[in-house]
Amino acid sequence: MNRHDGRSADELRPVIIDTDFLKHPEGSVLITVGETKVICTASIEDRVPPFMRGKGKGWIAAEYSMLPRATEQRNIREAAKGKLSGRTMEIQRLIGRSLRSVVNLEGFGERTIWVDCDVIQADGGTRTASITGAFVAVVMALKNFKDKQKIKSLPVTDFLAAVSVGMDLEEQEMLDLCYSEDAAAAVDMNIVMTGTGKFVELQGTGEEASYSKEQLDRMLSLGEKGLQEIFMIQRQVLGDTVNEIGKDDKEEK
Amino acid sequence: MNRHDGRSADELRPVIIDTDFLKHPEGSVLITVGETKVICTASIEDRVPPFMRGKGKGWIAAEYSMLPRATEQRNIREAAKGKLSGRTMEIQRLIGRSLRSVVNLEGFGERTIWVDCDVIQADGGTRTASITGAFVAVVMALKNFKDKQKIKSLPVTDFLAAVSVGMDLEEQEMLDLCYSEDAAAAVDMNIVMTGTGKFVELQGTGEEASYSKEQLDRMLSLGEKGLQEIFMIQRQVLGDTVNEIGKDDKEEK
Amino acid sequence: MNRHDGRSADELRPVIIDTDFLKHPEGSVLITVGETKVICTASIEDRVPPFMRGKGKGWIAAEYSMLPRATEQRNIREAAKGKLSGRTMEIQRLIGRSLRSVVNLEGFGERTIWVDCDVIQADGGTRTASITGAFVAVVMALKNFKDKQKIKSLPVTDFLAAVSVGMDLEEQEMLDLCYSEDAAAAVDMNIVMTGTGKFVELQGTGEEASYSKEQLDRMLSLGEKGLQEIFMIQRQVLGDTVNEIGKDDKEEK
Amino acid sequence: MNRHDGRSADELRPVIIDTDFLKHPEGSVLITVGETKVICTASIEDRVPPFMRGKGKGWIAAEYSMLPRATEQRNIREAAKGKLSGRTMEIQRLIGRSLRSVVNLEGFGERTIWVDCDVIQADGGTRTASITGAFVAVVMALKNFKDKQKIKSLPVTDFLAAVSVGMDLEEQEMLDLCYSEDAAAAVDMNIVMTGTGKFVELQGTGEEASYSKEQLDRMLSLGEKGLQEIFMIQRQVLGDTVNEIGKDDKEEK
Amino acid sequence: MNRHDGRSADELRPVIIDTDFLKHPEGSVLITVGETKVICTASIEDRVPPFMRGKGKGWIAAEYSMLPRATEQRNIREAAKGKLSGRTMEIQRLIGRSLRSVVNLEGFGERTIWVDCDVIQADGGTRTASITGAFVAVVMALKNFKDKQKIKSLPVTDFLAAVSVGMDLEEQEMLDLCYSEDAAAAVDMNIVMTGTGKFVELQGTGEEASYSKEQLDRMLSLGEKGLQEIFMIQRQVLGDTVNEIGKDDKEEK
Amino acid sequence: MNRHDGRSADELRPVIIDTDFLKHPEGSVLITVGETKVICTASIEDRVPPFMRGKGKGWIAAEYSMLPRATEQRNIREAAKGKLSGRTMEIQRLIGRSLRSVVNLEGFGERTIWVDCDVIQADGGTRTASITGAFVAVVMALKNFKDKQKIKSLPVTDFLAAVSVGMDLEEQEMLDLCYSEDAAAAVDMNIVMTGTGKFVELQGTGEEASYSKEQLDRMLSLGEKGLQEIFMIQRQVLGDTVNEIGKDDKEEK
């Protein structure tokens, strides 16, 4: 295996999570994964969207965007085009759904946690970095909310992180693809997993290609290895708050 | 296992594919899966989208829509709202990507195959039924195109079909969820597979829930079983054209 | 007179109305007029649009759409374009207005009947087929509503159907134009009439041409003949419900 | 018959056409019909829309708008809403289609005549006043074009004007409805006619009402009477140019 | 100084304000400044926008538009494009803000004054003419409102008018630029001033150029001279109502 | 004078300009002014917008956006709303126009410099910080372009920076307003100036207030003082490139 940045097939790029990156949001981080940089913020609003009203529970909604020049070539702003691309919608639905799986929506009242993931520099893996960083921002926002005594316990049931795995045209599996690897990959898979090792989302796409069950299993193993390392970084960053995660048991739906 | 329509956990709903359903399109089917009914058409246009121009190859683009009253409650038309929902975009991207993995894009010139999947009645599994039906419509359109001597061989490299699997709140896995099962599921997974048993897409979502590797494996087995049955139905419908599938080897990218 | 399908100038194409075509809507038909096929559904919603609120009466709103490949050449979806064409708006306003003229809006409370006309195959006359089919779907939905004892009598004051007539470049009038006749016509006229022979809508357009009062009169006669035949078909399809039409007298406005 | 402004049933409101109302357009008029005032301009652009390219003929496109406070209650601007209403689209399609029936499109090259009808004050009959005024503006623009020797003869084949007729709830027919009459009418009909007395458009709408053939005939007679008077006013305004109308014979399509 | 229309550098074009130009609005004027003509109307609506609700005060909102053929070349309608240009938004924000500075928003209840400025002919200075004309329309609407005894005093604290000044490429300052002067100017400045000589808005733009403090001062002097003349015209037009302006003291915010 | 952060009336907040902040753009800075932080990038594209084609010169276009949580309260994304606000359009037009006044558009061929200003944290003065930062990013992008020998000299004719000044309700003038000062100000003025002390833009707005010529002069003096300090910071950041500014004389238009 010969990765252009010298990594081995099962090696993550360096992951750094800077907390309290911005002044105004309840929770905010700058997550850096190799050359990919994403600002993730969590904002708590005192109401829920119409379809959730009157249910006595909250909601988590995510939005994702890239600066026009986060990429090698400048992209036209979606605000200027007047509509979101399918890719953006897919990603923000994925981020929101993933976070909702580890937060007890009954645990913070009829409120919405708005998660904003703004990519300021992109080099592959922006959606997985967004999920990993957004989890920390959400925990911090809820911790902050608990410290203000608006809720009694932290309604976070487990850790959550995401990573990409893939397979190149020589059918070699690898962990955490950078942009050039992703562009050349035969298979691209995003894995979202809980701290206790269960899948929340699995999205594996053959790009005009396909993959066998054995190849799937090898990719899932690589992903699990990488995710264990990412959970360690989240734990370091969250400090004592780690002890409050998983203490508020989410009721059965 | 007690499914409300009496099926066993590994049992498909009846699948019927009516071919030549409409007069104008090059290929068209009405696919019925239980109570779900989708009109799938394939139209060949003599040009490609801007990003594909001058590459000497074709493109497959898919669009998906539901009649407002395909569902229990009437939905507002996306044309009236003036924009596509994230769900619609996600589905049409999935359909297009899946079909491109089994069609040799070099094999039909700088043309676009437009795939239109219009759900006239919905009872769960509309995206997987769309893929299964659209594959047949695309093969028929290309066969028709070959019969007119516009191409020399059928540029279809393999069969393609899709099915859903899921897991309910009692952690019981099952095949081919109808709407009420889907609405109540803890995990919802769509599997798109080739006739030779390789994955093209795997999308497994825990709905505010998660699943283990063992559960994943059991769901994948159920899916593979169902897909083998669906491939049989596609073969019956396609008749002699079956023999031309996989004969035009898709070159390595 | 030499029509390409062998019809005489005053001959309708075959009209077939399949009822209960879909599972979910309160009323639904598939109407076939020659090669033109339209799914018409009627859905009753428990509220009215803002401009009708508090008036103690209901509303009928119609929407019209074509599948992209209902036509010889594929059309771009209006949902993809993000707006309705002028033609679509004109047609759906016509359908709604026509139906409101034979339904007593005071007779079903502050509710909206949504009429959806989706053309799955087009060969001319889609708007008139939509009106003819939608009338049956609306009657069935209201009958169903009465059977559930939500209303006491059927608030339908008369039959309603529509047909096209036209004049070709040789100034020959004819009934029920198919697409190729319509495209070549000098004059195109749509007539919407009640079962008692009164006009509800008359829209006669010279396509870069004009017509005299005598020609108008001849076209109206052809239209009336065709409409009498269509009313017979509606009567057969509606069975005993026919006896309830016109029994609920619409009050003077 | 007792009309609130003292007119008899077959009496027009005063019609005044001020020519050369604006400085920039090739042709412009302010048409006043009672209290209704519309600025109609005709602008000649040196290209045609995409669907007309390469056919060696021109096009006429019309746009219609109202000032927000043309009416009793202020209307929201369509530019602010970001889309045209169905009513606006219907009217501008009607204006364009009507004008195209009396102008020889082969007679002014691959150019577009843009017709803009801007209602500055509305009191019923804005669409018919627009057609009557726009005809004069178009003739003036083409005359101006001929005077600049860009075309050899005036490609106008006949006069064109429009008027409304209607029937009130007492089934009394009347000519040229003002706003309050229109709002209360059972039947509202717009007639577009050529100077030689042939119909170009006939749009008769029962507003939750219907009308018999005899009533139709009476309304058409009223309309024809009014239109003859309007043609006289157009003739006075156009002066000597009148002699050039109908001299350029439009070829058969 | 050699202006193409023979004016001296400090000379305004003729300004005419026709009042009660339209029938329906509470206040309306046609303002003519040289060849520039703008219809300004003021409409009072019995509610305020959401962000002003419950504050016990009113709002003034302005909209600005041009007829497509107000200009030498026809412009595409913003309603047809489906969005307002940046230029339009800038102008309507400027008009609204300017008017709000001389009207006591506490003085007419929770109502909105809608100001519509529709340019029917453009020859430079449309935004300043709009402000000058709109002020008169607003005073007339409020006077009318007071006459109906809906308010006790006229909540207008001062006069308001606007004018443009500029500097050409030879660094010559001049007052009230017409279109050709504006298009060639190095600096373009709009001054909005109160009757007591205080600035409300000052917007001075170097068009790929810049200007010194001395040049700024000379332009401001020219502007003040022109504005004094415009205030005289407003006074003549408003008659006795002039005496009510400035009597209702606006409280400190 | 008692400013809440202890500054004197003529004191700027600390200004820091970090260069080469992002990896991909030709020029990029993070500018910090007190608590306001803006990422400014400059990207050079090898074509110009349609209205500039074939003129042998380039263009500078600016876009401005805020992260949803740059502010105390979360704002809805303009991409989600599907349109830009008037405020955003006004700001991006101002930034582009200002930069064009100090760059020789003939000096870099038919290319567009895209300037993107993304506010990641807002505390007043985001538009002036954007201009000050964008100037540096543009110089760096052009320097980079010259180093690659695509242009021979740096087509920058002068320095450019911007600052806000204002006046509070006690009629006290002050320099560089933070958000709370801006929200409470009676007058808000933005000054864009060249390094040689000439005005490029002056926008002074009385917020439901007005200001005299004397107050204007005092505000302009404050602004000039602040701008001299900002030019020093730009000079430090640009290093030797400073010597190339103003060497390429912009020709007269």
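Every chain is named by a letter (A, B, C, D, E and F) in the order it is written, and numbering of its residues begins at 1.
The working rule: a contact is a pair of C-beta atoms (placed from the backbone, for glycine too) under 8 Å apart; a residue touches a chain by one contact, two chains touch by 3 or more.
Predicted model, so just to flag it, every value in this text is computed and none were measured.
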Self-check item: Shared interface partners, meaning chains that touch subunit C and subunit F
Solution: none
Quiz prompt | Lowest number of touching-chain links that must be crossed from subunit C to subunit D | solution = 1
Self-check item: Identified repeat of the B-C interface (over half of residue pairs identical), from C-D, E-F or A-F
Solution: A-F
Quiz item: Between subunit C and subunit E, what's the gap in Å when you average each chain's C-alpha atoms?
Solution: 52
Quiz item: Between subunit A and subunit B, what's the gap in Å when you average each chain's C-alpha atoms?
Solution: 28
Quiz item: Among the residues of subunit D, which are close enough to touch at least two other chains?
Solution: 82-84
Exercise. Please trace the ring of touching chains beginning with subunit A, moving first to subunit F, and write out the chain order.
Key: A, F, E, D, C, B
Quiz item: Mind pulling up the subunit C residues that touch subunit B in the complex?
Solution: 22-25, 28, 35, 39, 41, 43, 45, 63, 65, 67-72, 74, 77-80, 82-84, 88, 114, 116, 118, 120-121, 123
Quiz prompt | Residue ranges of subunit F in contact with subunit E within the complex | solution = 83-87, 89-90, 92-93, 97, 100-101, 105, 158, 169, 186, 189, 193-194, 197-213, 216, 220, 252-253
